[in-house]
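Order of writing sets the labels: A, B, C and D. Residues in every chain begin at 1.
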Amino acid sequence: MTLQHHFPALIIVIFLICAFIMPLLFRWRSTLCAPALLLVHLLALAMAVALLVRLYAGGPFYYHLGNWAPPWGIELKIDFLRVYMVLILVGLGLWIFVYALKDLAHELKREVTGWYYALYALLIGSMSGMALTNDMFNLFVFMEICGIASCAIISIKESRECLEASFKYLILSAMGTGCYLMAIAMIYMVTGQLNFQLIREALPAAAGLYPNNLLVATALIIVAFGTKAALFPLHVWLPDAHASAPSPSSAVLSGLVIKIYAFSLFNILFFVFPASFRQAVPINEIVLWLATLGILFGSIFAMVQEDLKKMLAYSSIAQIGYVFMGIGLNQPTALLGGFYHILNHALMKGMLFMVAGVIIQATGRRRVKDLNGIGHVLPLVMIAFTVGGFSMIGIPGTGGLISKWYLAEGALLANRLFFVIVIVLSSLLNAVYYLPIIINAFLNPYEGREPVKPVSRLMVGAITAGMIAVIFFGVYPKPVIVFLKAALAAVIGM
Amino acid sequence: MNEAAASAVPVFAFLFPILMTPVIMFAGRRSGRLRNALALATTVVTFLAVISLYPRIIGGEVIQFTFFEILPELHISFRVDLLSFCLAALSAFIWVLCTIYSIDYMAREHAGSRYYPVLIFTLGACLGIFMAGDFFTLFIFFELMSLIAYILVIHEETPAALKAGYKYLIMTIIGGLALFFGIIITFELGGTVSLSGGPLVQETSLLAFLAFISFLIGFGMKAGIFPLHVWLPDAHPVAPSPASALLSGIMLKTGAYGLLRVIFHVFSVELVKSGGWDKIMGVIAVITILLGSAVALTQDDIKRRLAYSSIGQMGYILLGMSILNENTLIGDIFHIFTHAMIKSTLFLAAGAIIWKTGKRLISEMPGIGRQMPFTLGCFSLAALAMIGIPPLNGFLSKWTLGLGALEAGMPFYVLILLVSSLLNALYYLPIIVPAFFGGLESDHEHGFDIKEATPRMLVPVAILALGTLIFGLLPSNIPFDLSRLTASYLLRGGPF
Amino acid sequence: METLKNLAHNYYYLVAVVLFVIGMHTMLTHSNLIKKVIAMNIMDTSVFLLFVAIGYIRGGQAPIMRDIGDGFYINPLPGALILTGIVVGVSVTAYALSLVVKIYRYYGTVDADEIVEIRSREQ
Amino acid sequence: MFAGPEGVPVTRELLHGSSSLPVWIVLLPLLAGALLYLIGEKRESLRKAVALGASFLALVGVAWLMPAALAGTVEYRLADFMQLGLFFKVDLVGWIFAGLIALVWFLAVLFSLAYMDHEHNRRRYYSFLIFTLGATLGVVFAGDFFTLFLFFELMTFSSFVLVIHEQNRQAMEAGALYLYLGVAGGLALFFAILLLYSATGTVSIVPLLGQLGGQRTLIYILFLIGFGIKAGVVPLHIWLPQAHPVAPSPASALLSGIMIKAGAYGILRVTLILFTPAEHGAASLWSYQSLLGYILLWLGIVTMFSGALMALLQQNAKRILAYSSVSQIGYIVMGLGAAAYMGLEGGMGFAGSVYHIINHAFFKAGLFMIVGTVYMLTHELELPRLGGLARKMPFAAAAFLVAACGIAGIPGFNGYASKTLLHDALLEAYKHFGFFSLYLAERIFVVTSALTVCYFIKLFRGLFLGPVPEKLDRSYRLPLSVRAVLGAFSLLILGIGLFPNLVLEKVILPAAHLLGFEGYGMKHLAHFHFFELHPLEAMGVVLVLALVIYLPGALRGWFNWAPPRWLSIHALLYQPLTRLFMLAVCRGGSFLDLAVGKIYDNSSSAARLWCRYIGDIDTSLDRLYERSGQVARGLADRSNRVDQALDEAYAKTGRAARRLVDRTTDLDHALDEAYAKTGQAARRLVDRAGDFDHALDQSYETAGRIARGLAREGKRFDEVLDEAYTKAGEGARRLAGKGREWENEQSRLREAGSAPSRWNPSQWNIKNLNFDSLLLAAVLGVILFIIFYYGR
């Protein structure tokens, strides 16, 4: 039993431990906090990479927490997709954290910075846990941690909006987890198992005996994860929460948190429910249509927003729709597109929120109308915004195109032409609200008396890195695509 | 010669301008002169690079090069065949002239250090489109060009320009999306989007038809065909004149080029005909021709009139595609050359007039020909070519197109061509006739001093105008021969 | 009759669902934030009850520190899980209450309607 | 594939020489035209020298070709020029035209030297004059229709500049008409050639009627339109009476004398060569050609008659001449028609036509120049304001008389010869077929000839006879070059008139042979006697008829009647057509364009509106919440009532409890008393019994006191509790009242529509929570429903 063997658990645990230490450390040596968290991120990243190496060497494997085998113990499963998610979580978490280092100084009181770090670590750790766990109840626990942490990094900025938004978020997410817990109970009742794999094995028999339980559980699960991941009609909490939060929080919430719930839903739908069950019950259809509605309405709502961050938040609703569409289409290529969009959207939405943060910090403006000429005073930042916007629209050379490409191809392969049209149409809608901002930002003169406050280079650097990444994943997506293709082939047999 | 080395020149040709863009941008901060020189040098070098391919291309070689696989089955790849070469050489040539022209023209305008990099970058993107080896690469460069060209459109930054630019942008994006749609269906049906194989789609189906319509919308949007033309008359006039010349002269052609590629590489002539899609194009083409010509008649702004005229002329090209026999194809490709030269001349000459006198309205222009005889002389030559007067090149393309239409047994199309020619006459002649002869002599007994634009603006205009004559009259007419070769290459897979 | 018998047999279902619905209803109809938190707890509790109930076997014994031979034993797992769940629920409740306190500091009320009124008056 | 730049000579045949000379003859004036432009404004003499030299060289060159043309043809091919290749071919017919062109042009240039001295912008004039010469020569040297078309268009455009030379309003309008009709004609030609090429694969001018197929009528009509516009055939002549008068006189002379002949030349080539069967014996083809000829013949008749009639009614000297040109072109076309009508027998008509072309060139050019001379000297063209100039410029008057006699067909002048031939051709046709319509045509011919005489009498009278207006009463001196030119024309007219057979035999007959005419007509022609009784008699009839018409006409002033403008073919046909066309095109096109644009605009604004509506969903959700809030409020109210009831219940319980406590106190009292009594009794007992008892009593007393104190305390506590309950109940009631008041207030506000923050639903964070939960529940329900629906 080498240390290496424990990496799956360690990734989660070091974040959790870090979260505990952080407030204390902050009292003791506040300057050490940030490096420590960075170090943890790097460590986790290294471990994730090590996992990847091991995966390549030996294929998927399991890790039993405390050496308790299922059905008693908690099991972590390590396969390509999960490691992909962990890499995104930790990697982009690191990226956003770098941005947060400077941004927080402007948005938060100094005393709470330590707490913020703690929450951040908690969030990343719990998300990694959600990505890796193979146990229904464990998933619930991580969900709750994640829920609290994500509410908390909103409410840590103690403005009224934040408090109200996070309260709303909290209540709704508690209801969501409540639903999920109910679903677990239902499933446990008929199968007596909590482990994904074991449930999967026990389900066919149980489904014959107690169909109602399972059906109710399915509905509850969709609602639960739909609420958490802001699937269309359940998105109501998101705009307030993401818009009012401090910018790094918005970035991490929009970029990562909603994705991990979508990923968990995918995990449950594909690894807990047998394929026959998915065919019998139109789960995919429900998800697909809700995603479609989300894609369209998210964009339409975004169009009428006046607040920049709120607009970005609504845009997230549309974008998460793509991910769900990938899941809903139930087709390997579409799934590929959906998964690639997880990465893409995390990158671009994270970057866009960072840009919004920089704009608000430098000029104090956050209304879309007031952004005229901002490109003259913050050129690099607005170029990044342009790239992000282009990626949202799906201009070639940006990542957005690639994910749309695969989604559309998947829709075609699944013989669902309608959804290709939806994708194309939504690109147009995206264009309608992103482009005016870009145009106005660069072509109208800047009207502002008050000087633009200087922006930290680190923040701009983080944004630039994001921009480069967006372009890179648009220009050279092949490695990721190949990876995902192999991963999906391994897990669902493409 | 291995593949990479063989493809060094074409790759260099389109990459060079793109790489030079930042250099020019930074040079622009130092000195305008350096910037101009660099821009000009870039275009010249690019042009030479493209031209240097001539012996190889004419020898029947198809240069192919795959950069890397961007996605499985999707590559960034390049492929230079006759058709690519035709358009690439044409655009590089026009670009050189427009850049020369720009030097003086833009000296008065603002934001030159934005203009030149964008200009050069657009060249690179344009060449990228023409040299793309598959539809995906083509699509990427197409979008790049469209978006970058937006900056050219709104260069003046007047409210009108911004409005037109926004319209352009939205329409372009709609077009791009349609294109995306089409490409994805093609990919789905054919398994690849490469240009190097045979037709990607073998049989008609609803999907294939949808793909065709999407391509028609996508490329037609750029080409300004009938119901999708609305951006064009707004966008072209507001751009600076050299940019208008490029927009009308070259960038419209990217749409035509794309459609040609779609007809021959995605589908096949037989497929298009068996599906009855040529009829669709025919109807659209007829409407486009008549509409463009008719509305041009009512415009008083000279650049707007030219822009509408462009719509009509693109209709000719579409008409040729709808008939699809050898002669119309020759006519099509030759008309691409023809119209590029003519319309560039016209826009550049109109630009010179505006630059020198500030007059934009045709009703203000009587007598201007005596003031700027040289400019107006070139303008007249080009206008006559547009009407189709022999021995100018416009005649030749009309002749070939008409011949093809008759061969296909469609004299109706010829009638349309003729009516449109008459309309061309009706709207071009009232520009040039009063320009030279209008305004009573007695009114300006001494009023007409020669006030020409600078030589650097006149020389490109003159070269282009001369081109309309030379490429109509002279026996060794390289564009025409190229068109002929290309047409047979497209139809039969090779002239050799 | 069969249904009724089933219902009587599985009464804990009914109780759990009723509790759940009560929680839901409270959440829906009350504007008092504290009541909402309480409603949330009620909902949680309903699930806990269900969970515990299904783990219980009449006449069984807990397999703790004792060998029970061939007799029934009660699955300890639900109980353990529910403990975790309760802890989680408590922490959520605590956090929610702290938020309510903060909100109360800003507005002097915990009634959502009044908060809205105050805000609209401010604008 | 890439041919060399130089032309490749075609194969030599016995009679078909190959020489690049025709190309040079065409090219020389074209280059000279460019050179003249480059010479600049100032160098007057150089310009004149170059212009004269160029036209002279062209003349020499054409003359040089004569032997070759007589012997056969001269061909030269510039392969690959304009892709199809340019092909020059000079045969005798072409050479006749070329000779005519070169000669008249040379004279016109000579005339211009003097005439243009008074005009502005000479650089442009000379440049285009010489350039047009080249183009016109190109037309007649063209060996195929493609080349012909090229030069035809060149001619149209370059001569346009000559037409609008004056640049006044009238000139510009006339020029525009000329130009647009020219362009339209060019397009018709273009179409025709295109059809020809696609039908036969060649554009050569060779008999091809058999290969033309079903589109031959269309091709013919298009050719006829194309060339007819240039020739001025009614009803395509409308530009001619406008354009010819406004041009400078030498240019008018060329336009009328030469360029309309280019149109005639085209008709000739098309009708008599292209639309001829390649071999004998194809009867149906011959009859087709004959039909074309018949139509053409009648076109000619109509043209000649209407032209003459209109000429008679004009007051402007140049206008008369212009209409006269229309009329004369009618003769020519009629002759061509007759030739085609007769098929191979049509030599007479052909000869008449060609002869008349030659003659008309001379006398019409001469007439225009004479009128030009008058204009040059007097600056006046309106007949009523002129007169009596015969005394002032006798030379001009004499020349005019000669030319007029020529055109009127007086024996001894050239017109007589051609008109006689034409008349004979008509008669021959009539004799041959015997149709009444041809007899009618012959009568019209005679009347027209009479009319011709009439209007020239009118013109001559108007110009040269009568009193001299005061304004013009001064002495005039004709420049030498003018005299020379006019003299030359007079000599030519007289020369041909006196020796008509010379031209006929030398050039026209070989040309007719070349075209393959044969039969009786040709034999007749070979020995044609112009001055014998029959033709002279016919001429006499004409003259008498002319007098019969003219005398009463002049006396009654018929010829001063100006036809109303609406009667003109221009107003009747062209203007409405043009207007309709322009209306359709401009209005229709713009309408369509605007409509499309509007559709886009509307759709985008509609989309925006839609988005707004959908965005409003949030708002309406909010409203929905408000309603649900009211429901909730109602619920809360009811629960409040429950609260009250509970309160009351508590209060009652409290009261009951108090009563209970009261009773307990009573019990306590009673107990107390009982204890006291017991104590007293015990004391009494202790009193009776001793100290021990006393102590016991004391302890009891203490305990009792304590117990009483306790009881009292309990009572007070109970009172406090009671009070608290009451107060709490009151408070609750008050709160409920306040709540209701606030809600009333709210609902009133809402009804008044002044609820302020409705527009920004996203600000209603917490309030929405209720609704959101509802939504969650609803979604859950819906999904449950769906899943159950499908799952069962």
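In the analysis below, a residue touches a chain if its C-beta (ideal position, glycine included) is under 8 Å from a C-beta of that chain, and two chains touch if they have at least 3 such contacts.
Being a predicted model, the structure only gives us computed values, none of them experimental.
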{"item": "Best-connected chain pair, where connection means C-beta pairs in contact", "value": "B-D"}
{"item": "Averaged-CA centre spacing for the pair chain D and chain C, given as whole angstrom", "value": "81"}
{"item": "Chain centre separation (chain B, chain D; CA means) in Å", "value": "23"}
{"item": "Chain A-chain B separation of Cα centroids, rounded to whole Å", "value": "45"}
{"item": "Length of the line joining the C-alpha centres of chain A and chain D, rounded to whole Å", "value": "60"}
{"item": "Of all residues in chain A, the ones touching two or more other chains", "value": "164, 167, 171, 175"}
{"item": "Chain B: positions in contact with at least two other chains", "value": "170"}
{"item": "Junction residues of chain D, two or more chains touched", "value": "766, 769, 773"}
{"item": "Chain pairs that touch, as defined at the top of this document", "value": "A-B, A-C, A-D, B-D, C-D"}
{"item": "Chain D residues touching chain A - in the complex, by the definition given at the top", "value": "610-612, 614-615, 617-618, 762, 765-766, 768-769, 771-773, 775-776, 779-780, 783-784, 786-788, 790-792"}
{"item": "Residues of chain D touching chain B in the complex", "value": "1-5, 78-84, 120-121, 149-150, 153-154, 157, 161, 164, 167-168, 172, 175-176, 179-180, 183-184, 186-188, 190-191, 194-195, 197-198, 215, 218, 582, 585-586, 588-590, 592-593, 596-597, 599-600, 604"}
{"item": "Residues of chain A defined as touching chain B within the complex", "value": "390, 393-397, 401-402, 404-405, 408-409, 412-413, 417, 420-421, 424-425, 427-428, 431-432, 435-436, 439, 443, 475-478, 481-482, 485"}
{"item": "Residues of chain A that touch chain C when the two form their complex", "value": "71-72, 137, 140-141, 144-145, 147-148, 151-152, 155, 158, 160, 163-164, 166-167, 170-171, 174-175, 178, 181-182, 185, 188-189, 192, 194"}
{"item": "Chain D partner contacts - residues on chain B that touch it in the complex", "value": "170, 226-227, 229-230, 233, 287, 290-291, 293-295, 297-298, 384, 387-391, 395-396, 398-399, 402-403, 406-407, 411, 414-415, 418, 421-423, 425-426, 429, 433-434, 437-438, 440-441, 472-477, 480-481, 484-485"}
